[in-house]
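Pasting in a structure now, in structure tokens, and then I'll have a few things to ask.
Letters are used for the chains, namely A, B, C and D, taken in the order the chains are written, and counting of residues starts over at 1 for each.
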């Protein structure tokens, strides 16, 4: 069902936890759908110098969170905003069709964290255009299509 | 499927063959239905002193013919006319439901032979009342019911 | 690594005696039971013995047992066949919200063809009451289909009382007994059952075989048309090896029913006790006493079931979340929602089902493992820290 | 007594390699392929390998293969499923008078629900011509279902030419290839097949398993609803041991197809020659060359088929008369009537089918036995003495 990479990230998730006094916190998903992802970022000089996550969800949701934090760690905000769910899927060596939404969720959680950071610091990023952190049902369309 | 008695009569049929100058010959059934039974009788003093058969048909048709000749051999005509298909079935230790019509056929073939004898000799028997040797489809109703 | 299989409600291993019974039917006694030669008649005799054996385990007559390819086919046949053959009586079916998908999806297919279906609510334990059924009955109700034991939460229904209500209104009563058969002594007549679905692979028999009990006189159309097998009601060359295995499994189940139930009940209670004593924020699902002897269904708050299963699997423990058939689905179990659990709790469900080969060590090992993995997952959960932090 | 099995078209013994392949799936790798734990995933992997194997033997993609419980289910599903899903296109099916009952009785059931069915005539060899099909096509024809090889007389149809006619008129083409699969190299794309039924127990695999090939894009409804197995198209816990056995049998059949055909053809021709040279008043049925490599179908005049079978059986020889499924019936085979045989001749039919385990000695023994029993039965027959006596 899952690749070895997924299982490795699920069993040994990287960057799990919280960041005290984080610069941005994003939370997406909802309990009804069975997955909630929360991402904390620490930003310095427009660079994400630390990132942590907490996830309620299935194996691939946890693995996607973990691998996403690995990808993002150390990127500039502009670069981070260019990370797509496809990169997350690829980094995991693939996900089953019904689980693609987990990668979308990871992308959204990161954007929500940056959005939080941007809002708190009065910044705007082109990569955030059209992004609404409360629109957390988006990923379900993806699922229905992939089924 | 068949009892041992049926198989014995099928494999070693009694009284198979023809009687030259028979006193009565009866043939019932038709090729369309897949079974034809012909019975020859030799009569002396209103007694069936010899009986032989030829049958085109399935295993139980042959066995029924064989056992019927055994039952009838030596009976008086009046007695022979009282022989029923049930006696044939019982003597065979039973027949599968779809094969009951074979026993009916044996009863009819005997009656047809006696009818032939009666016609040739200007005799009438109470046991032949209502019997029509050409009405050889009778047994099919039985089958349909038994199915 | 230790391997602990606690998913006997999903499927069981085939018992050695059962495999042994099947083997000659592959290579020697392989005849087509419809053939009139020796090979065929030998198969036919075995087939009818198997039918008699299975019938006995239900206190039924042999000619009421029709072999099928499993529980799903039996369920489909019962519902579609009865509704199609009784159109003059009506087009209304009553079932429950907690049926297996083999019933629910069949009902949906029937609805598309014009049938009216009432999906009855259940209480917090998953029980249907005779009173509620009484209220749901209509003059055009043809069939009531209520499962004997629920596959997820293990709740057992008051079948006799329910079938009486159905009969009072002139409707037929079908029960999906796939989970009950082999775990309860079922007397079809005493329970007032008109049709009953069972499956071999839940009772240590091979997969791909099952049966539908059809009481004499029940009007039903065929699902699978063709040759004259099964008294012209279910076509297809008889799966003689499978059927022999099924019959052997049924025979063993029936002969050892008491000790089987005792063994399962003991370990089940031990497992539940172990979980409740060692893990907090746990909810036990299903009826406390009217339940499958081997079923433990619990929800662990703040974590999600699949993650739990994978974590247990990494420790060699096989369990399930929701029913096996719906895994991969994103929705939480329809059964858990029907007993009134909120989505977030329903998502954290775990079904562990005990079987004949389960040991006390398996249970202890599982409790220890659960303690650990639940804690690990909770530490990752954004829901759990809210609770701990007194937030929200 | 010598045992000679010449009924391979009714069913085959399971090959040792196949049983060997199946065994671990009963007791060790017994998981439910829908479970996410190790036991389940192991079964799932095997299942998908089996699917790929079976697909390869039809030159098809794995995701076009749906496992079923056998040929009859596949036939029922193909016809009922396609007709139900394509009502907007029409309600007309075309089939032939010589189909297996799994097709014919399904068509009758569909007729009861309003479908129009054309049962095409065949010629004296059992062939359907593309011209006749062309003439039967209507604008509302949804499906053409024509069997690849007839189970009784062994005639093989010009499938490619027939599917082209169906497609020209926008209809789907289904073939019941239960007798052809494993005896002909079938490339579903080259033959233009949209749906194809196959069965495991005709190719030395276990009974109770089969498959339906469904070309991508074909609209079809489910026959068996329930769990999400087989991409939600065929519910029921996967019969993993059966499927593994089926796949192994398919693999062996495909790998050894040439030598299999050569072996069967040689013995078949020898058997037929022996019969024709040793017995008079015999009619050979089916096409002289376009036929199943192992099928000999002959009618012995003046005697009846069941009596012949029983007599042969007493000598240890297993054959069949008509198809296995209809034995016990009083009517002669619908196939023999369709090729124009009069009833009395059709009643005297015998089908002997050669298989991989048949030997030359079996064939010689059978010819000798036939000589004897045909003569014995003819001596009892009131039809034969009319011929001999020059009467009538």
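One rule holds in what follows: a residue touches a chain if its C-beta (ideal position, glycine included) is under 8 Å from a C-beta of that chain, and two chains touch if they have at least 3 such contacts.
As the structure is a computational prediction, the values presented were derived from the model and not from experiment.
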Inter-centroid spacing, chain B versus chain A (mean Cα positions, whole Å): 90
Length of the line joining the C-alpha centres of chain A and chain C, rounded to whole Å: 39
Inter-chain centre distance, chain B versus chain C - centres from mean C-alpha coordinates, in Å: 56
Shared interface positions of chain D, touching two or more other chains: 36, 306, 310, 328-329
In chain B, residues with contacts to at least two other chains: none
Category of the chain touch graph - line, ring, star, complete, other: other
In contact (per the touch rule at the top): chain pairs: A-C, A-D, B-C, B-D, C-D
Interface residues, chain D side, partner chain C - complex: 3, 5, 7, 10-14, 16, 18-19, 22-23, 26-28, 30-32, 34-40, 68-73, 75-76, 100-103, 105-106, 108-109, 199, 201, 206-209, 221-229, 235-242, 306, 309-310, 312-313, 316-320, 323-329
Residue numbers on chain D that touch chain A, as the complex places them: 36, 41, 44
Chain C to chain A touching residues, read off their complex: 302-307, 310-311, 314, 328-330, 332, 342-344, 347, 379-385
Complex interface listing, chain B residues touching chain C: 1
Complex interface listing, chain B residues touching chain D: 2, 7, 10-11, 13, 16, 18, 27, 31-38, 54-59, 61-62, 96, 98, 101, 143
